[in-house]
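Shared chain: chain A. Partners: chain B in the first complex, chain C in the second.
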Partner chain A sequence: MSIQFNKETFRDDYSFHNSERAIKRFPFPFHEDSYMYAVNMEQHQGGPKDSVYEMRFDVDEHYVAEMQDRAQVLADDPLRCQSLPHMTLAGWDLLELIMVSKSEDYPEFFELQRDGLYWRWINKPLGIDDSFTFLDESTLPYGPMEYICRQTQGDFCVLDQRDEMLWMDAGMVTTQADWSLDFDIGMNFFEWHAPVPLAHEMGIFKRALKFLLNIQQGTPARRLNWTMTVNPLLDTSPENYHKWGIQKTSLTPENIGGKQFLRVELQTFFRLPRSNALVFPIRCYLIAFEDIVSVPKWGRRLHRVIRDLPVELATYKGFIDNRPMMLDYLSEYDDGLPTSPGVWPELDTEPSLQAV
Partner chain B sequence: MSKFQFPESIKSRPVYGTLEPRGDVAYLLVADAEGAEAIYDLATAGAHVARNAHIIYLPNETGDKYTGMLQALNPAQLYIGPSYEAALSRIQRVLSNARMGLQVCLSGTEGLMGKALIEVSAAGIPHSAVQFEHSGSVARRMQCVHCKGITENVSTDPFVCSHCGLNLFVRDHYSRRLAAFQGVCIDAEDPGNVPDPVELYS
Partner chain C sequence: MNTTTKPSGSGAQKMDVIVEAVTPLNDLVTRFDFKRANGEDFPTFSGGAHTVIEMQDGDRVRLNPYSLMSDPVQTASYSISVRRDDEGRGGSLFMHNHVKVGDRMRLSTPVNLFCLDLRAKKHIFVAGGIGITPFLGMIAQLERTQGRWELHYSGRSRALASYAEQLTRQHGSKVHIYFDDQSQTIDIDGLLSGQPLGSHLYVCGPAGMISWVLGRAADSAWPSDSVHSEEFLAPQSGEPFQVRLCQSDKTIEVGAHESLLEAIERAGVAAPYLCRGGACGQCETTVLEYDGEFQHRDHWLEDAEHASGKKIMPCVSRFVGKTLVLDR
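Our next item is the complex of A and B:
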């Protein structure tokens, strides 16, 4: 498999776009016609061929452009990447995990040569060829976590584990759904999730924590989360909310199909070997409404999910004001036919859209 | 003085208790303004506290209202300072010499307790081993999530960031590392539409 990397932007002219392939492999997050919080964990041991679940760290057509966007975010605000002093070893663990995984999963793009502690890393898409000494920070241009996360799609939270608790003690966060690493760093699992409505009362976080504390080396897990974003903006940070918040008001019935994006996070969880930290990559996938509804099953289902979502969730996810306009648009793609269970597009078996 | 009961809130928002005497060991008591009353109650509840206590007290706007009361406790050491910034190096010096078992008690405003906790944590004492008692003002120390500037003693919601000038609403989300609540732009989606400020907890 070869990938053509898109020339595209996630800001200004927003030239981001998904190919036919990217649409078909989009991680649509709704397995039924409604949504509520759940501890929706599953093993992350591969998945269907060419799906976003197949590899440990999915590399797709947006890779190069996303890394360019990340570099711009970090140049503007270095606080998006921070690591408390005791987390450096976990950063090396993460660097090793990603380099080994990517060089095995994508040998045409990434190459790792190891001779004891002397390593050479070749990243062809980004034109990087660095030799360094493993565990020696002075031999890399950045700390190990920052170095490898500048070359890997998705945000990364590196969680220390102590006192039967997870602590957000390091991270690279430039594509976040409106939370601040700079503010949350050092918090425990319940504290950084404090602003999330309903889920605490449902016991979601207690169960999720119990699950995560027990993740073992070699048995990573994954789940999906989702929200909505106007324009394909990766950097929906609270830091810049005073700049991008206004874009939410730019939707019109005419432009909503191309301007309103479903934002899905593929969250994975890996135990790290030396530090016993847990790394929590949060990979963001964006898809325009007009591309979702090109898959009849997804169009029907998204309308029903958004229509029936509790007000608290629509508010927390930041689209309560735009929900009526979203429903006006989506209802055109919901003919009332039943949908098949599961997330897959089922393009060959689901009926095409009937006249609404 | 009756204590303010903070309404139940989200899990990152600190909760405060009542200072209680523990063993016959060294005590570091840091307080501002009405926080002196918590120290007085603590020393009254445990006769051994005062003779083991290093009190660092910042009267702020209460002037000398409580200073005589603290002096009358006859503590081992009593420092009455003009500001937290002035007291900071003293707090750090005391903590650098702290021995196992030191009891740290913080009382007064949330800003004072939070800032002192930063120093206590840096000295290796976990926050769960520190006692807190809120008294006095419910004004907050706020971080602007946009410019990162800290505005002290915020008593209204919304308020204007003292650094970048944005109109911020007051969240209950709290960072111990920053000793601050989070302030977020209130009119980002409707510039200029800023509600009138309301006193916190009014």
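Our next item is the complex of A and C:
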């Protein structure tokens, strides 16, 4: 498969856009007409052909533009990338995992040549060709985690595992949904999840942690999370809230279809072999409301989910004020017909939109 | 390293392997080296990791966890050391008596539940007997990354202290060996008091030794999160008992020398597991009905859960009584 990389921006003029292919393979997160937090984890061992679940690290049309945006965020705020001293080995683990996965999954774009500890890495879309010594930091232009994360879509948390607990001891976080690595660094699983409503009481984090502690080499897992973003912004960090928070008030009934985005995170979990750390890549996918409703099943379902979402979740996810306007828009695409179970678009079998 | 309560292995990924070498080290311990049947390298691992080895013993499948003791960077082969346990349930005897070069076996991908704390300024290892094996991989790892460590290793006698000589030869004064038959013992209090701040202590060996070391560490006010241990205990034999598996609609008999988990598997019922040693939580099973007494031996359930009679960890725990019905 060949990918045409988009020329687009996630700031200023917001020229970000999804192709027809990107819309069809969008990781729509709702498998039924309602949503509540759950321990929604499954194995990450591939998925349907051309879906975002097929490869270990999905590379899509936004790759090059996302990497340019990331470089900009890092230049403005170096604290988006941090690694406590004991996490260097985990950084090498991550570099190896990504280089091996990408070169096997996308040989037309990435090449890894290995001769013992002497490695050569070729990244064609970004024009990189570097030779270095594995486990020798002085041979790379950045630390191993920073080096590889500058070339991989999605945020990365690298968790140290100690005393039956996970600790956020390293990461590169530039495309986050309103949380801060600089604030969370060194925290444990329960501490960094403290702001999340309802899920603690439901026992979700206790069970999720048990599951994560037991993830083993060779059996990665994944789950989806989602929120809402006005304008296709990757960097919705607390550090920059003053810049993007205000944009939420720019939504109008006329512009909402193109300006309101559903933001979905494909979260995966891999055990790292040398360090026994866990890496948590958080890959962000954005889609405009007007593109979602081009899939009749998704339009019907999104309306119902947003309508019935508990107030606590709509508040935490930051769209409680805009919910009425979203519902006005989405109700136009909900004719009340039943939807089939599962997340797939089902374009061939699902009825097209009837007059509302 | 047979007979461990230790976690390891995985119910998931398995690798076909060929026995490459069988090397008796002394009267009790034999080392086994494996290579992969498909000619590929093994996955890398971290010091302290194990693999679960699958033994086809007649029509019975035995699954035992053993520490990987090779250098984690050398992935052309995996090595384990097995101590013969004449009183055990037979896994180690099978390895000693029946496994030979060229045999095909299956190993799980590595699992680590006894890993180095990489924040440590210094790593202090205390090993007893076959408890030396996880430290061999850890030492290899630290040597590559210039980590600071020292080892205190006690064995029954010079002849039975596997790898003692080799360790001393390679690492000199970092290695301290003690022989029981010469009445040499580890000066644990001296050892604990003279260490730099930020040191971590790791203990592996017989249960008595572990509780002794952990007790002394607690008394000397070592922070509990800088003390790590791994215990060697097998699922224990016991009286046979009967179990009803409700979901699968089967009644099974658990023999004296097999675990409840093994009996469930023997009946052809798929049950989750990871460590087979009461530590990982994967095999947690709901009890629907019982009339009798549990022999809980896991490190997973809380005391209250043990007392509730609602949960059992079938990899290590047993039951004595009239009726036991499980949601499996």
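To be clear about the criterion, the second predicted complex is superposed on the first by the 356 of 356 C-alpha atoms of A that agree within 3 Å, B and C clash if a C-alpha of one lies under 4 Å from a C-alpha of the other, contacts with A are read in each partner's own complex, and residues count from 1 in each chain.
The rule we apply is simple: contacts are C-beta pairs under 8 Å (C-beta built on N, C-alpha and C of every residue); 3 or more make two chains touch, one makes a residue touch a chain.
Keep in mind the model is a prediction, meaning the values are calculated, not measured.
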| task | Please work out whether A:Q217 is in contact with chain B alone, chain C alone, both, or neither, and reply first, second, both or neither. | result | second
| task | Considering only the touch criterion stated at the top, classify A:R274 as touching first (chain B), second (chain C), both, or neither. | result | second
| said: Looking at A:D184, would you say it contacts chain B, chain C, both, or neither? Reply first, second, both or neither. | reply: first
| Touching A:T139, do we find chain B (first), chain C (second), both, or neither? | neither
| request: Answer with first, second, both or neither: which of chain B and chain C does A:S51 touch in the superposed model? | output: neither
| task | State whether chain B or chain C is in contact with more residues of chain A in the superposed arrangement. | result | B
| said: Going by the contact rule set out at the top, does A:L89 touch chain B (first), chain C (second), both, or neither? | reply: second
| remark: chain B residues touching chain A in their complex are 10-13, 143, 145-146, 148, 166, 171-173, 175-178, 182, 184-185, 188-191
| Where on chain A is chain B touching in the complex? | 79, 180, 182-187, 190-195, 200, 238-246, 248-249, 321
| field | chain C to chain A touching residues, read off their complex | value | 10, 12-13, 43-46, 48-49, 72, 109-112, 115-119, 141, 144-145, 225, 274, 280-282
| field | chain A - residues contacting chain C, complex | value | 84-87, 89, 135, 160-163, 210, 214, 216-219, 273-276
